[in-house]
Structures are given as structure tokens and as C-alpha cells.
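One structure is given here, and the rest of the page talks about it.
For clarity, chains are labelled A, B, C and D in written order, and residue numbers in each chain start from 1.
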Amino acid sequence: MKDTPTHPMPVLHARGISKFFPGTIALDDVDLRLMPGEVHALLGENGAGKSTLIKCLTGAYRRDAGTLMLDGQDVAPGSTADSQLLGIGTVYQEVNLLPNLTVAENLYLGRQPMRRGFIARRRMNAQARDVLAGYGLDIDPAEPLTAYSVAIQQVVAIARAVEMSGKVLILDEPTASLDRDEVQLLFGVIRQVKARGLAVVFITHFLDQVFEISDRATVLRNGRVVGECLLRDVTQRDVVTMMLGRQLEAQVKTRDTGRPGKTLLDIKGLGKRGMIAPFSLTIREGEVVGLAGLLGSGRTETANLIFGAVPADHGQVLLRGREIGLRNPRDAVAHRFALCPEDRKIDGIVGDLSVRDNIILALQARQGWMRPIPRAKIEEIAQSYVRALDIRLASLDMPIRLLSGGNQQKALLARWLATNPDFLILDEPTRGIDVGAHAEIIALIEQLRADGMALLVASSELEELVAYSTRVIVLRDREQVSELTGDQITPDNIINAIATEDAA
Amino acid sequence: MIRSTHLPLLITLATFVLAYALCASAYPAMLSWRVIANLLTDNAFLGIAAVGMTFVILSGGIDLSIGSVIAFTGVFLAVILRDTSIHPLVAFALVLTLTTGFGAAMGATIHYLEMPPFIVTLAGMFLARGAAYVLSTESVPITHEFYDTLQGLYWKVDGARFRLIGGLMVLTFLVGIITAHRTRFGQNVYALGGGEQAAKLMGVPVARTTIGIYAVSGGLAGLSGIVFSLYTSAGYSLATVGVELDAIAAVVIGGTLLTGGYGFVAGTFFGILIMGLIQTYIVFDGTLSSWWTKIVIGGLLFAFILLQKGLTWAAQKRAAQARRRTATGSAALS
Amino acid sequence: MSSPPVGPRPSILKRIMPQLLILGVALALNVAVFPEFFQIDFRNGRLFGNLIDVLNRGAPVALLCIGMTLVIATKGIDLSVGAVMAIAGAVAAAMVVEGHGWGTAVLAALAAGGLCGLWNGFLVAVLRIQPIVATLVLMVAGRGVAQLVTEGKILTFDNPGLIHLGAGTVAGVPTPILIWLALAALVTFGVRKTALGMLIEAIGINERSSRLAGINSRVLLICVYLVSGLCAALAGVIVAADIKGADANNAGLWLELDAILAVVIGGNSLLGGRFSIIASLIGALIIQSVNSVILLSGLPPEFNLVIKALLILGILVIQSPRIGNFIYLLRASGPQPQPEPPHSTQEEAAR
Amino acid sequence: ADLTIGFSQIGSESGWRAAETTVTKQEAEKRGITLKFADAQQKQENQIKALRSFIAQGVDAILIAPVVATGWDEVLEEAADAEIPVVLLDRTVDADKSLYLTAVTSDLVHEGKVAGEWLVSEMNGANCRIVELQGTTGSSPAIDRKAGFEQGIAGHDNLQIVRSQTGDFTRAQGKVVMESFLKAEGGENICALYAHNDDMAVGAIQAIKEAGLKPGEDIKIVAIDAVPDAHKAIADGEMNATIELTPNMAGPALEALEAYLADGTEPAKWIQTESKLFTAKDDNLAIFNAKKDLGY
């Protein structure tokens, strides 16, 4: 590694960036310096303004104040296209590719190889195959993007950004939907890019990853820079304190495996052909069942099946000993099930509806349209959850899509908690959630369990699973392969369970 | 190479062939050069306009103004050729500039004022037809020897006449197909249809593309108006009412999704032929009353949509299964 | 503990202010071309005046746009309403001509309209055909069905009960005005005093999420098209009653476009979501006022469309979100209020 | 011989046209002719398509009610090439006369003129402010009937058209537009209404009644077509005159065709139907009863 980045000139120097939204100051006089050959982590709580800063830098938003210098020259990208031309490649927070185009078309949109004025498709596909091979992907780039999993799509988005970036590569939570192996692959790429002398901006809520790959960090809080530091010189604790503006109490693990309550749910041979192999599962009150597995192992599909979001074609579900039909989510909600989905943008939020309406949506749906919840009650419910989950918003009336990603996630959690469910399914509950909130959510799960709720939680984060699960089911290839209980539940054991199957 | 993405196109093609076979078995006279030549000639103006409509719909928009623009073009040409002595070719250039500019203006309104295409082009529809009325309410005949020359250009087979305008339509489709699939503009159109927000973040020049799309649609409506004026040797402000709906139907039957992003210009070609076939069949039958004609057209439209839906469902199911296989295969990356 | 910032709920008046302003301008234009525009007499047992005409002639579009607003809120569109009007009018006329009472006839017409709505809803919600194409089918075929009922004639009738619905008055007020006001009140009340409004908005914004939240989107969608069919049927009956005859070929011709226009002028997004029926109704009145200007101006009819197009374009440009933002910015660029960092209160709460 | 004749009708946009279709079908049936009927939904392009399909099918003759006068040369040439005689119904075309066998039509301008002349004699020199309900903007009946009426009242300064607006040939629009006329001019200031067709007049009558005036007395009404409802209105004293446009164009047309196909008898190029004026003097109730089942 190079020595302390005392480079005289930053590749990108943003000064005094401000951005106002109605009711919110998203960015307030923010400075950011990116040195060549350096990975720069941008840290902050949910809603701190990280994504907004990125969008202001790349011309996706117009900034209200501030200047940008690229290689010492004043620049003012007016659109993403401009910033791409300037050599800034970006992966925005939500996967932003086009589902109707092929992989290669996505990769080369806007800079297709041309031959005599026309797109040379064959060459484009061949190049795409080569590029993706560099990321360990052996896929047919002429297939539609949607033919591949979200993880692969994420890698394609990253590949596109890397190809675009002549000077700066910006990655906004690129690892949120990636597996360990894929994260390592991505880090390999980042190191290559860095070695080429580019500046890389890396946003994530995984502090381990930050410390593994980044050289320096800028920390934002409430739209203001609260510090810039060399990561060599600080500890995770320091960074967290900077982000939150307070100390985070050490996580005390008080797993209480005893006293499982009555059997709530008895799932027998539930499955759907071509989707998930039949599985059986018993869940008791006061129990948290963790679902572990690799990407695409079928955790989400298991959750969807139990919730009736995807109708099963065989098997049965017994609720407190009585068989129930789950043909659609409505049935499930009526039986006091709740599912907080993985893909909040598509399956979760109702973007233009106010945060308030989003929070009471499921409760209202269960009550039926005939019995509207009184306004005062709505207000009370919404406010209590906003307070309890610390959702950051300008007003309950703002459309939920304007919340930051992590806050949307919390609002969705509020939606389902408001229905006071007997059985709560959480699919990746902490995806995109900041460290502070992460701890709170783990505490919340523990709290709910203690109150006698039954939970099924799918997560890619082993530490997290270990923290709250009373039992862990390991999935592989859409099949339930093993179950860990009690003291067996450790990260190593889970990895082993997945890997053992791998070898088998 | 045939891919799953080409399926809608193949389905439309198959539907056309099947429908033609059925018609021909009922009325053998339908299997004649005349009918084929008629399909091309009579649908030329609709086909050309539908190419533009395909681009618009691929981008997730809609253009309700084309019927009116066709009428306006005809009236404009007729009036200008009647009242001045300029050559029709100059008039063509003039009117194409005008309609392309009109389309571009609608595109700019849609983009810069963030107004829905449905409404902007609805206003455009009123405006263009209103302008045609203002030019002349009466039908104005076009008598110019250049028109006679153009109309005299045809290739006769067995009494069937393959006319210039039919050829022009085919040519338009070819250019349209190449534009859609082999140019950056075409790719940007698909990108817009896939999601404007994502396209924007990926650096697609949204303003330029949107304006371009509606300009193309306006320009092709103008070309279609020229063809219509050749077809009828007149300009008439009441002509081609509702042609936009025919064009939309042809595009949809051709397998393009109205939500944008998915479809083929070539599909529209078969969509046009299928619609023409329906009409020809009804005339050959000749027993349907005015109202049954409407009901049958609606019913056949429904049948085609349903057929397409069914085939698409089947295809998606297969694709989903295939996807699971690929996904499993690549889950273990590295 | 302090509570999170709430802010006042946007009031209805604020929501419809732009529409009211435009309506004011449209009415002012009427006065400009015809100074006695606001004069209302009581003549021949009925209120008589241009303003009454605007309300009365606006009835079909007003009725249509009630249903259309709901349909559009679900991200749909209903192109078939004009044809459904023709069918309903034809059915009502055919019933009274056959000797049934007017009540039966109206019920039959509503049933026919409801059936059409169900059909549209079935195509959209169950077969998942895109609304614009799904309703195009009935738009094309529906008029044929109506003509099938009337056998192509204008089916004239003289049942006083039925005629009263279109041409009669109650206490001097033309019946159609009362009908659309009553239906508007009923539907508005129905969606706003229950949770229907919010649920409809939710499925219009994100149907997947809504379904996962336990909303029965399929039934709701069908219902919305059903309401649209019923509204169209009522409009069809009024139009037929007004001229004492069912004109299957012309009744409601192209009115679907006016209804959609009314909804958009009402500030509702064609992309679904938040809606306001009241604003749509004002939109309908704006359209009728524009028509009234054209009629009162005495200009030759070849200018009708150009005038209408320009007025509509003007209205839409004024309403465009961009222009709205611009005005907002203009206002905001005055002395900047220094808003508190909005999160501070919660932070304290969190500690 | 068994004749197959194609009939391309404009559409069914008015009661009159529906009646024409009915009568044409009846006339064909009477003569044992197979009639291939094609409805063009008011679109010229559909009519051209229908004609081409008739030719491809090899019919013996073609009847067409052209939606507009222009634009028929090419397709008529193709028919002539295929030696299929074409007869025009109720409207003529701008094409060369050799391209069709004959045209059976009324004279639209003449109809308007009859209406104008009737009003001139009815007014007998008294001052009269007239309002006019035009047909669909741009359609040839609207243009010709307007021109004819203006010819009819030309030179009579006591008659003056004060307002003229389109009522789209429909009852509903006729009523709406009349309402606005009544308000804009004041009902007592209007002395006569000229409507381009009876449907609009029937609508207007209702508007006049709702304004508290007596149609036929306070406001004289003259219109064109002589559909059954107009006869009824005249019988009721609510309307004053209508000029008949007979729906039976097919009778003379088929007669001419049969003669031509049998031995090549060339008919006259224009078979003009009568534009008969009906007023309160005629037995309108009887005519109403006779006409009401013709499919109007």
C-alpha cells in the first residue's frame, strides 16, 4: 500500500455541497475529498444523506449549493450522462438496470460498440462475456437481465460502473444483496480499480467490510460532515460513535433458549414444484427460527410460501392444530401472519402514499374497508412506531418513497408490528439498516420473542442470526438440509452446515 | 438464432399464417395476388403511422395525435398544391418538417413540463384536426401530374397491383426495424420503456430521446399523410378519424406491451396484416350488419389478445423454469 | 418525549385551489364573450341560464369522471365508457318501448352498465390484460351491441318518468344536476368515510405491495370498473332521456376522452395513486365551460377544435408539476425561512 | 342469372342511413340478388378496402355510398379494369364520369335551396332572424345544404342568419347548441331555425320547449331528410317543414344495373331523386306510420 494519502491534489473535491428538500435539509455544507488510488468509505446512519450526496455529485440531483472539482478543474455535471463522460462510474443504492434489456445491452447502454454507424451486436455480446468473466460470471450476455438472480444483476451493475469509471468509482451499498464469496470477488475488483489509481467511494453499513477494504472514511450525520479519518487510526467503536453521536452499548447476548411456548404453526410437506422442495417445520410461540443459506438457496421463497404470497401446490399448514388454507397473503394476514419482504421497493412500500398510510396499511386491510381506523387512532399508531423505531422523517404526511432506504425498512416493520401478529416473518430485516438501528432491531426481535410471538427470520448475516435465533434452519438449493439448535448455533457451525452440504 | 425474447414475434407471425389459412379455406378467392396486393396498398398509411406508434409505445408513451396529423397533412398538401405552384416534392418536405416539428414539440412538452403523453397528444389531436378544419372544411382534390406519375407506378401481377405506397410501407418497416435494434437511439427507446428513472441514472439522454421519439412519430404520421393523399388524391379534414386506435391495436396485436420496453417493430407489421385480414374477411363474408361488424371486430381483437396472453403465459412459465436452472447453476459463483 | 413532526394534513380546499382558479378563469371567459352569462331566471317552471346549462350539460362527463377517477387511481383507464353509455341508453329505451315502467328500465340499464363494468374488471383484474387494451375491446364492440339493441334506429320513447331523468326538473333544478351531485356525494362519501379510498390508492401505486399487505386487489379492481360501468350507465340513461331517444351511434361518442381529460385537469395522475373526485368534477365543469365559451362566442365551427385545444393546453401547462415547482421556488426564494434540522427532536427522543 | 352485388355503406351514423341500408337490403331481396354488405364505420379508407375486396372476390356489380367526393379514381379504375360496373348512391364523386355507371342521388344544394325558398315564402317579407344548426363540420351535406339555403334566401334582406354552429347531425348536440342559441340571442329574438337534418331539429324542439317557447309557432323550424319523427313533429305542430331525402336509392340503382347487365343498356349518368317538401298541409301522421318501420 501507498503511504498516507498526502497527495497534493484530490481526484474529486466537492466543497460546500448543500441540498434542500421541502422540510428537510438533506445535505448541509458537505465537503468530500477523494484521493487517487484510495477507497473512501462514506458512513452514516440511515437518512444521513449518503445517497443524496452521491446523487448530487453525479448530477442525478441538482445541488443547491457547492462546487465540484475533478482533477483540479471545476466541473458541473448536469446529468448522469455528463458524469459518466467525466469518468465517474456509479452504482446507485437500488439496483438500477433495465429489466427489459439483455445483460450485454445493460452493460453497454450508451456506449455500444459500433460498426459503420450501427451497433455491432455480436461484438458487444462477445465483449460482455469477456468482461463478466473477469468477475467470475459465466453467463450468456444475450439473455435478458431478468433471467439471472439479483446477485448477478448487482455484479452486472458493478461491472458497468467499473467500465464507465475513468477516474472515480462510486458504489452505494453494493454489498447489501451479495454473499460472502461475492463480496470477496467484489473486493478483488475494487483492489484492481484502486491499483489503477482511481478513487473509489464505498458506502455500506457493514463496518467489517469498511475496515477490510477502505483506507479512509468520511462520516455524515444529519446531512453534515462530522469527521474524516484514516481508518488505520481508528477503531470500529470510534466510527460508530461518530456516526451516531453517542456510544453504542455493547451487545449483550442473552439467548434464552428455554421455555418454548405452545406449538403455533405446524407445516407439513409444504412445497411447490420447480420452486421449493417440500419441507416441514414446527414453530412455537416465543421462538425465533432463523433461515440461513447462500444466495438463492430459497429462503425468500420459503417465506413467501408460508405467507401464501406464492400458493403452494402440496402440503398443509396447521395453525394451533387446525388446518388453514393459505391461498394468498390476505388469508395469511387474516390468520395474524405478517411478512416483512426482502425487496422493499417492489414488494414493500407503496411509494406515493404517506408514511402514515403505509404504516396502517396492513392493519386496515385486515379490518376490511368497511371499518376505517379512526384518524386519532391512526395518528397514535403511526407516531408511536415512528418513535419506537426512530424513523427519521420530516412529516408523517411525506410520501414514503422520499425516506432514506433504511427508514423505509423501519416503516415497513412498523406496518407489520401494527397488526400485532402472532407469527412474524422477516426476510432480511436489517438489509440496508445502519449499525445503531441494527442493534435496535435485534433487540426488538428479542423483545417480541420474549412477549410470546413466533418469528421466522431469513438473513444473510450469520452474526445476526446467531444473536436472535433459538433455532436455525439451513437451506441449500431450495431444500432444507439441516437444523441447528441451542448452543450449536454459532457462525462457524452455520457456515459448516452450508459448506458440508456443498461438499456432499 | 431464435431466443425466448423473440417468442412474441413468432407468435404473431404464427397467428397471421394460421388466420390466413383459415380465411382462405373459407373463401379460396382470398388466396390471390389481389388480396395480398390489397393488404399492402390499403394498409400502407396505417402501417407507416404504426411504425412511429411502435417507437412511442416501446418507450412507454402513447401518441393519440396521429390520425389528426394524417388528416392535417392531406389537407395541407391539397391546399398548398391548389393555391400555389410549388412542386409536390417541396410540399412533401415542407409538411414533413412541419409534422416532425409538431411531434418534437409534443415530446418537449411531455418531457420538460412532465405531463403525461396521453393528455399532451390528446391536445395535439384536437389541435391538428382543428388546424385541418381551419385550412379547409371541404375535401380538396389534388390534381397534379406528379401525383398521377406516382400513382401510375405499380407492378402488376395477375390483375393485382403492387403500388408504390405499399413498397414505401415495407421500406419504412425495414428502416424502423434497423433503427430499433441497431442504433443507439433505438436502444435508448427500449431503455426508456424499461424504466425512465433507471434509464436516466444509466445516462440515457432522456430529453433528447423523448423528443426524438415523438418527432419520429410525428414525422411518420406526416409520411403516412402523404401516402394517404396519394391513396385518395385529396385532402380531407374529416379523414382518418380514430386511426390512432387502429394503430395502437396493430401494435398491441403485434406483440408490443403498452407498458413499454418489450416488443418488435416487425411484430407491428404482422399486426397490421392481421387487422387488414380481419377486415377483408368481413367484406368477403358480406352478411354482417353494421352493428355485427363492430361486435365481430371487437371480438376478434379480444380473441387475438387472449391468444397472445395465453401463449405468453406458457412461454413465461417455461422461461421461469429455465431461469431456475440457470440461477442454480450460477448461485455458486467463482 | 416529544412526538414526531406531523404537520397539518393537506386540506381539500388547498388541493382543489388550482382547479377552482382555472374554473374561475373559464367562467370569466364566458362572461367576456357573453356578459349576461351569470344571469339566471325562473322560466317555465325551471331555472334558466347559462350557468345552469354548464351544470346540466356537464352532467354526462361529470358522471363519467366519477368512475373514471377511481379507475385511473388504480393505474387503469376505461375507454369503454362512451360505448357503455350507448348500451345503457339503448337498453333503457328498449325497455320502455316494450312497455316496462321507467324504474325497471333504469334498473335494466344499470344492470347492463354493471355487466360491462364487470367484464372490463374481469379482463383487467383476472386475465391481467392492460386496461387500455382491455377496455378498447368494449369500446369497439360496445357500440355495436347498443345498435343491436336499437337495430340501428334512434329508438324514440315518450315515457314521462324516464324523460324526467334527463329533461325534467325538481324544484326548478334540472334533474341531471341533482343526479350527478348526489352520485358524486355518495361515491366521495363511500370512498372517504371508509378505507376504500386509501386501499384504491395503494393498489394504484404498488399493486404487489398492496396485495402482500393483505389487500384484496382483485376484487377492488373489479369493483372500480363496476362503478365506472354504473356511472356510465347512468350517464347513458340521462343522455337518452334528454333527447327522448336512444341514439346508439352517437350517444357518448368520444366522451371517454372528455372524462379522462376532466380527471387530468382535476390534477389526478394518470399513473395512479392519490385522487380527488371533487377535483375531477371541477375538471368536468371546466371542460363544459370551455365548450360553453365556444358556443357563446359565435365563431364559425371550424375553429371549435383549435380553441378547445389551445385552452386545454393552457390549462395543462399551468398545472404541470414543473411550473408548480417553479412557482414554489419563486415563492421560496424570498427570505429563506431557516428550518430547524428536522431530526433534532427525534434524536432526543431516541436517547 | 344469380347476381352478387357488393354494397359499401358509409356506416350507420344516423337514422336515415340505417333506413337506406334496410331499404337497399329489401330491394335486393325483392330482386333475388345476393347482397354483400360492408359497413365502413364512416371511414373512406374502409370503403376503399371494401371495394378492393369486392373486386378481388369478383362480384357482378358494386353499389357504393361514398363518404366523401374525392379520392376514388384509383379504385374505380381497378373496378373498370375488372369490368365491374359501379353505381353511386346518394352522393356523387369527383372522378371521371366514365369510371362509374350512374349515380343515384338527390341534389344536396337543391335541398337546402328548397328549405330557404320555403322560409322566404313563409315569411312573406317580414323580418326574420334565423339560427342554423350545421351538420358535421366538413361533411358534404353540411357544406352543400348550407350553401343551398344561402342561395334560397339570397336577395331577401329581411332574412338573416344570425348564428350558425355545428350540431354534428345528432339530436343531443342539436339540443345543446339550440339551448345556447336561445340564451345568446334571447328566444324572442329568434324567428326561425334551419337544421341540416331532422335529428338536430328534433333535439332543438325540446330545447325550445324547455325555454318556454312554442316550437313551430314562436320559432319556425325547417329541416331536411323527412324522417318519421319529423313528420310526427309536423303533425304535432312543433315543426313546420322538412324536405325529403328518400332512403330508396337502391331501387332505381338496381333497376339500372339489371338493365345494364342484361343487355348493356346505358342508364343516364345521374338519376336524381326528388327533394319533396312536406309541410303541415300533408297528412303527416299517415306518412309517419308508413315510414316508421323502415329502420329509421
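Heads up, the rule we're going with is that a contact is a pair of C-beta atoms (placed from the backbone, for glycine too) under 8 Å apart; a residue touches a chain by one contact, two chains touch by 3 or more.
The chain list, named the UniProt way, goes like this: A = Ribose import ATP-binding protein RbsA; B = Inner membrane ABC transporter permease protein YjfF; C = Inner membrane ABC transporter permease protein YtfT.
This one's a predicted model, so the numbers in the text were calculated from it and none came from an experiment.
Looking at B-D alongside C-D, one finds more C-beta pairs in contact between the chains of B-D.
Centre-to-centre separation of subunit A and subunit D, using mean CA positions: 71 Å. Look at where the CA atoms of subunit C average out and do the same for subunit D: the two points lie 36 Å apart. Centroids built from CA atoms put subunit B at 43 Å from subunit A.
The multi-chain contact residues of subunit C, meaning those touching 2 or more other chains, are 147, 152, 302, 304.
In subunit D, the residues that touch at least two other chains are 11-12, 18, 21, 137-138.
Each of the following residues of subunit B touches two or more other chains: 133, 137, 289-291, 293-294.
Pairwise, the chains that make contact are A-B, A-C, B-C, B-D, C-D.
By the touch criterion given at the top, residues 34, 36, 43-44, 46, 48-50, 53, 57, 147, 151-154, 156, 167, 239, 242-245, 247, 249-251, 292, 295-296, 298, 300-302, 304 of subunit C touch subunit D in their complex. On the side of subunit A, the complex with subunit C involves touching residues 23-25, 28, 47, 222-223, 245-246, 307, 309, 328-330, 332-334, 339, 341, 346-353, 357, 361-362, 364-373, 379, 383, 386-387, 390-397, 415. Listing the residues of subunit C that touch subunit B in their complex gives 77, 127-130, 132-134, 136-148, 152, 248, 257, 260-261, 264, 269-271, 302-310, 312-313, 316-317, 320-323. Listing the residues of subunit B that touch subunit A in their complex gives 3-5, 178, 181-184, 187-188, 190-191, 193-195, 197-205, 261-262, 319-324, 326-328, 330-334. In the complex of the two chains, the subunit D residues touching subunit B come out as 6, 9, 11-12, 18, 21, 35-39, 41-46, 48-50, 52-58, 68-74, 78, 81-82, 94, 136-140, 143.
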